[in-house]
Each structure stands twice: as structure tokens, then as C-alpha cells.
């Protein structure tokens, strides 16, 4: 059974559409809420995709509390029965699948069911989170942390998460000029202060660090300027989570002829860091000699 | 069945002993080689334990090549049948047990047997290594690396290792003045350059990093001067191997009220390093803020 | 005309003295105020010199405001006519001479006179500062800054400065056990992370950095542990002020054979820092390669 | 009396010129040596300005030793009588004026005359150096250092310097596509690892550090990305010499509200470095907190 993704549309076309066409083109963006598009239509034209998104979120935020709760309540459970039964909106299906939430073991499924149940019972609406901005462990951390909040905090948090969800969906759906929607970036750089030059040819591995294990996301080699030849994370937003960059410093200095030890002081240098704002720029350089290194959040 | 360790003796007593008493007091120090003590007796008095050790090693080194090979050949296999059968000298028993070499699984035992066999076949004498200066993985690394050497290199290496073995045995056996025998040291220190002061109350864990896993060796907390309240490794020499210090930087800055993030940029900071010379001083400080850190081999 | 310094006395002797002997032994410690010693006498015995000092300062602080002002008013002007006319207490003479305040040029003398006049006119008592804790420029900075305070702040500040003055005088006068009175310390250390070892043989110069010029205080060479063979500042307390350590890094790496450039990237490395608390420990290490360095306030 | 600079010409025009036009357009580029242009003419077309320069230098290098000496001998003395008498080629006039060599005091003029005389007497040709790549002190350093060389080294050095001189003249004279001729660059960047972000609004001063004094070259303020809003050195090549960047770190942290001390540990942070290859990229970032900083040659 194929998953039919809606066609992309240009911002220009949207700006020229009548209400029916406008609502149709943005169908499914806000879960079961065509009124969001309807109420945004009169505010055309939009200069950027970001402006369109702002208008749609403003429509949501202008509703009374009860309507906002009802709107939040329309969202599917995370890794819930809807995912297994195939009754979820196409965008949600793809998003939850991105974290493997459609292929949980029975034990994991039951853990999520238990958290979903506890959350619904306390707040009266499902737990909403933008999974595209989260690693699987970060989703669990967030679930446990948010369960202790009060209901007003959770309504606000749910709307904020819906803001993230729909912003990323809009970027996929609407072609606009410029770079109107911010997505974060992870970059690195290796400086060799033994020689006073960029470190070329250093193998760097990026891991996602989970509760119980770490998973290799990518392996790159630095170029003549000490930077990876390609992005560490491409074609997708950053995710909230914990990460490790592993720099093969020992191999590098051996290949330069600086060290010949079979057991150097520095060999594999791990740098572990958290990403809390996936829309930010995380530059994590390494400045190193065979006997020292410095790490910092750069820019 | 108890393991009877020889009694400690003072250097002064040794210096005043006749040859028979001298040889008896140093029995078992050099594996099956009372002649080493005999030939060293005339060089009394010894100012330090180190001087006594130098004299004994000089006796070994002055022998012709064939006698040196015969001397090396008297040593037991590593993790070999002697260990299982209980026919090894008491000191060797204790030393090999220190690495758990007396309690290998059958698969591990067979791996060692295979290496022992290959080594003996190539060189005509057993693989000798000072296990008290090595982690288990470092023993395996060394075994594999030394198998490719030529016989002269291995005779020299075996004598050097016997030097390490007997030096550490002497330290246990003979009470001398001063600090005549060097043993290495591992230390750390945490500086907080956010506040410009030592970081007090930081949890620091020390792990041995093996081929497949890492094992917690100790957990300490830094005092008001940013140093562990007690030695990281006490009552034993350092061992060749790979290590990781894990600094709980996130908890520290949370407890200072500097960060409140549930997911800070820096949380657990791992610093991985190799020890190649267990007689050296390895000072591995951390200079840190919530957004940066530096590591170096200090002094 | 010789300057007669009072004889040193032991804390033990003081503790056993009658009131007259006690007051005589501490004569001149508090400017023109024998009552301070008198009122402290009943609180004998004192466990430490610091406890004696605390008792004497408590006697001052327990007096009513008007008496405190009168007490402050007994102090001589800084670099004033008393200094030129030779009518100042011996301790004050030596202290002011330590900064060269007895040998000012006419222009400098007039600048101080003007500040002294303005201060007296505003507050009704002279400007009191512990000159032994200050560089000359720091005295001027402080003078200008304190002139804008209100009178209560200045009474409190004057008493605090008298606390510093008399604490340092007590240390000179009374021999006590232990190290009861804190004096600060300036230290340095040079680490070479090109080789992974302390940098031995590095020339380090210490300058006082004044408003218009810098003055060389001392020149040292690092020993095998990368530390100066002798204290940077000895036999005197630290002084509030600005300083520069100048590390001859280029010469060091040239002498190691690492660089041969006539114009290396790093040659003379200046590290400029302020000392605001002369009772603190200022450890200012340098961690360096030919292409990088790090500086921090260590411990 | 006006200084007439030759008109700029495009590489395309040069490639299409006949020999007479080609030589005329490049007149004065190589001091009194039209044969250099003549011999390069047949090698047209040139893809880049750099290729044209390579061809011209190849023509010089292909000449026999005696002709090379004669060619070098045609160059004017540095800060010599020709400069005062106005008999020097227009390009040389402008270049020497750039360092103020046309406005020396009598004492300085005599010092240069003495060096020029000693050099000519030893080698038989004048001291040639590309002054546009040098600070005044670097010229003097170089003069003194080169006087001890042998004649072959000096012929080679003179030709290398003529290569630099004519490369920079060509860049001024010929408009070519792309960026065919490398000129160096000096840049900086300030990272604030107290907050984990670029340091915006930091005043940074650049000084040339001479033998006896330092001269302010420029003062900039860092932008939101922690970089100077404009190049530190613009519109001219870097010069061999010693430099100091002075970072106003104390003001920055005061303006952030981090420190309120009138005398912070770090206030003005000087970073002194040498530029030996003016064609290189010198990136000199500062990574700082109120209590620490790191400096390195970056990229």
C-alpha cells in the first residue's frame, strides 16, 4: 500500500488561489483542521513561507482555550494504535516512521501505550511532540518530563510543538523564495596546532548517543581546510538529543609521522554534546596536538 | 588452599646477611634462578632498593646469550596449564590472578594457549610480560605485536619485562629508605573558568577501556581545590592500557545554578587516553565552562 | 637619621604580658591609638596572630561613629607634608617609602596634595589606604574612585584599609605558630603540549603595568617541572594592580629545535592580568605550542 | 611634480598585442629590463595574470649568472640617494614611499646609507627587497640578516624578491579574470565560551610592533558573528613583521553584566604574533571567558 504525499505548490500559486484552492493545497498540514487555512486566506499575499506559517499559527492562537484543547485532541497518539492500524494522516505516518515508531517491539509498544494512557488521563488530550526534531530517547525523556507539568503548560507546549510540526511540513509542501524557514546545522572543523594548520584527512564519526547504546550516523574525512567534505547531517533537520563526535586523532598524527607509538596518549577523541535547539547552529571544532585538545561551541 | 607470601625484610638486614641468608631472603624473586642473588651478594652494601635491583639485573645481563635464553625459558606460560594446575611460583600466581588470568573462560583459555603455542614454537621460550604493568587487553595487544619480532628483539624484550617483574616484586619484599623505586601516577584536576576557580564537587569516574567494553575502576569527587580527595589508582602500579575519565560537568554547573537545561551542551565529558609508560606521571586535567573544555597531559 | 623598627615579640610573650607591657609591645601598630591594645588585653590568650588581630579590630569597630572618625583622622596624609617633614610614625614611613611616595617629583607631589585636599574637604578626614597592598597606579585609581563615595562608605572603607595595614604590621611584629595570616601568592607554570611535557628553560619576565609605562619586577627561568625556580614575588604581599607575564616562547621552541624561523608565529607571549585581591592565590599558567596557547586563572 | 602611474590594461588586450605594444604596456614592470617582456611575448596567450608572471620570471631565470647580476644591479638603493634625488622609476617611488622611506630623518638616512654601502661592497649589487611585503623594522631585520649570506644565496634571494615586486606590480597593472594572484589575509574572531556564543561588540585594535614602539593600524568592533565588520588590513598585501591584536575583553564582559570589578582578571588581552609569509592566511581567533583565553593560528 503506497503512501501518497501531496504535491508541492509554489508560494506564488498559493497567493493567487481562491479560498477553496488554498485550503485544498494546504490540506493535512494542520491535523483535521481545515479552518486554520480558511482563516489565513484573507491575509494573502505572503512574502515568505515563514510569514504564511506565522499567519496560520496566529489563527490557532486566537481561538479560545476550549477550541485549542479540541484541536490538540485531534492529534494521533505517539506510536499508538492508529500507527499500527493505519488510520493516521499521511504526514504523521511518515514522521513517526522516521524514528522507527511504527516498528516497535511489543515491550516498547506497551511502554509507549502506558505513557500515552497516563498522559491522556491527566490532561484529556494526547501527547503531541514534533518527532522530526527529536531522537527516540529525547522523545522518551520529554514524555517523562512533561507528564509532571500542569495543564496550561501542556496546552502551551502542545501548540509550540504543533508549530514545529507544521513549519517542517510547510517547508516540504511549499516552494518559496530565499531561505525563509530556519533549520539548524551541525558542523565541525579540526585544527592541528602541532603544525599550525588545518588537519586534513582526519576520520570523524558522528554517533547518536542513546540511553543504552550509541548508533553511528555518519563517517566523514576532513578536507584540506580541516572540514568534512560533506554535511554531517544532510536533508533533514537536527534532532534534540545527545551526540558524540569521535575524532581519529591518533591515526592522523601517525599518518603525519609525528607519533609512532602503538599506544599514543590521544587516539580516538570522543566529544559528547547535547542538542537542545535543533534550529540552532552547532559548530563543534577540535583544536588538537598529540598531547592536548580543546573543544567549544563555536560559530 | 592458602597462598604463602614470603616475609618482608629490611634492606639493612639484607646488607648484613651472609650469602645463604641473602639468597634465602630473595628466593623466588627471579624465577628458578638463585644464582642471580648469589652473584649479587658480593656487591653489598646497597644504598637503595633500586641499587640492589640494578645489581641483580646486571648479573642477568652479564650472562652469555644461551644462558639468558635458558633463564627466560624457566618462566611459566601466561594463563597456561601451570596456572590451572597450580604448579606456578607464588608470586606468579598472585600476579596472573591480578588480571583474572586464572579464571578465563574456556574460549579465552584456548585463545591464550594458541598464542602461547605459536610464540614458543617461533622463539623456543615462553612469552614473558610483566602483567602487573598491563591491562588484559594490553597483554593481548602486546602478544600479537611481539609475535612478529625476531628472536634477538624478543630476548631483549623478555629481559626488560623480567626487569619490571622483579622490580615490583622487590618493592613488595624489601623495606628500604626513601622512595627508591619509581612507580607511576595518574592524577586529575578540574578548573572552572566560568567562575575562575577550582571546580569542587565534580564526580569523576575512571574506566579501563577494553577491546569490547569498559570497566569502572573508581569514582571520586573533587575537593575544594578541584582535585580528587583520594588517588585515582592506589596501592598498585599503573598498567599499560587505554583509559577514560568521565567528568560529570553538567551536574556540576547545574548544582552551581549556572545551567538549568535538562539537556545542556556539555553533560558527561569523556576524556580517553592511553598509558604507555606505567612508570610515568599522567596528569590529565580538565579546564571547563558549560560551553567548552580543554584537556592536556599536564605535570 | 636611622629608622628604628620595633623589636619582634612572640605571641607567647604577649599572652603572658601585663597590660602595660602588652600596650608597649604593640605601640604604633594602630596609629596614635594605644586604647586599641588596652581594650584587647583582657581577651588574652590568643591562639593565633590572626585572633589577636581580630580582637583589636573588634575593639575599633565597637566604638561609636564619632570616635571612629577621630581615629581615622589621626592617620597621615598619603605622600603628604608629613612624609616630607619626617613627622610620620616609623611604620608609615617605611610603608609609604615602599611605593616611592617619599620621592615624588614636584608635579606628582602636587597631584597628591590636590587629591588629599579634595578628600579631606569632602570627608573631614584623610584618605587612608594600605599602600603595601597597592601599586602606585592602583593607589591613584582608588583615590579617584573613592572621592565620589558618600561618607559612610568611606568610614567603612577606611576601617577596612586600617584592617589591612595593621594585619601586615602585626605579621612583621609578632612571631606566632603556624601560618595564621593569609598573604597572597603569584605563581606560573609552562606546559609544552607540542612535546607533552613541562617546558624547561623558558625565560619569564614579570612587569607591573602602569598608566604610562611598565616596570620589570623580576626575570626567572622555568625548571624541569616548568615552574620558576624561585617565587615571582617574594618577601612581600601582592599589590592590587595590573601585571604582565612575558613568556619567551619563541626562544624556547628554537632551543628545542622545533622552529628555525627568524620570525616565528609566537615569539614573546604577553599575558596581562589584574590582581584585585592581594590575599588570593593567582596561578597564571601557560599551555603552549609554537602555534597556540591557553591562559587561565588556575589553582 | 605629479607621479604618473601607467594605465591599467586587460589581459585580453595584452594577449592580442604585437611585440611593441606588449613591451610598451609592461614598461617599468621589471626595472630597466624591456627584454623580459620581449622574451615573454611569444608565449602568449596567457590564461591568467599568474601565468604571465611565471613566464616573465622564467625569462629572467633562464639568463646566465652574469646577466642576472647585471639585472639585479639596475635596481635602486633602498632609501638611497635616488629616492631623494627623484631619479627612481615611478613604481619604486610609490613603493618606497609606502614605508615612509622617502621621509627618513637624517640619522635614519645615514643608517640606511651605511647598510647599503656595506651590502654593495660585499656583493657588487644593491640590496633588493619587496618593500610592499615588509614593515620598516622587518626591512632592517632582513638587511642585517642578509648581509652575512654568501653571494649565491643573495643572487637567489634578490631574484625571489624581484618576483614578489613584479607580481604585485602586475596585479596593479593588468586586469585579469578570477583571482589568479594570491595575496594574504589577516582575520580574527572572538568566541565567548562563558555564554557559548560569538562575542559581539568587542573592540579589537591591531598594532604593528616595531623595535622601539608599536603603531596603531586599525580599530574594529566585532559584529553579531564575533567577526570584525571590515577587514583588518584592506587594499594592500600583508607585510612581514610583528603584530599585536589587543582585545578589549574587560569592557565586553562588563557590558554583558558578567563582571563589575573595576579591576578584572582580564581586561585588555594582547596577542602578539609574527607574519613571515605575507601570502598566507593568518586567522588569529580568541576564545575567551572572564578568566581564560585561548589563541591559535586557525584557518
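What to note about this one:
Letters A, B, C and D mark the chains in the order given here, with residues in each chain numbered from 1 onward.
As a convention for this text, a residue touches a chain if its C-beta (ideal position, glycine included) is under 8 Å from a C-beta of that chain, and two chains touch if they have at least 3 such contacts.
Note that the structure is a prediction, hence the values are computed from the model and not measured.
Put simply, the chain farthest from chain A by mean CA position is C. Of all residue numbers seen at the chain C-chain D contact, over half occur in both copies; the interface is built from largely matching residues. Remark: chain C and chain D have CA centroids separated by 47 Å (rounded to whole angstrom). If each chain is reduced to the centroid of its CA atoms, chain B and chain D end up 57 Å from each other.
Residue positions of chain B touching 2 or more other chains: 193, 196, 265, 287, 291-292, 294, 296-297. Those residues of chain D that touch chain B in the shared complex are 193-196, 265, 287, 289-292, 294. Those residues of chain A that touch chain D in the complex are listed here as 189, 191, 193, 196-198, 225-226, 287, 294, 296-299. Those residues of chain D that touch chain C in the complex are listed here as 138, 141, 145, 240-242, 261-270, 272-276, 291-297.
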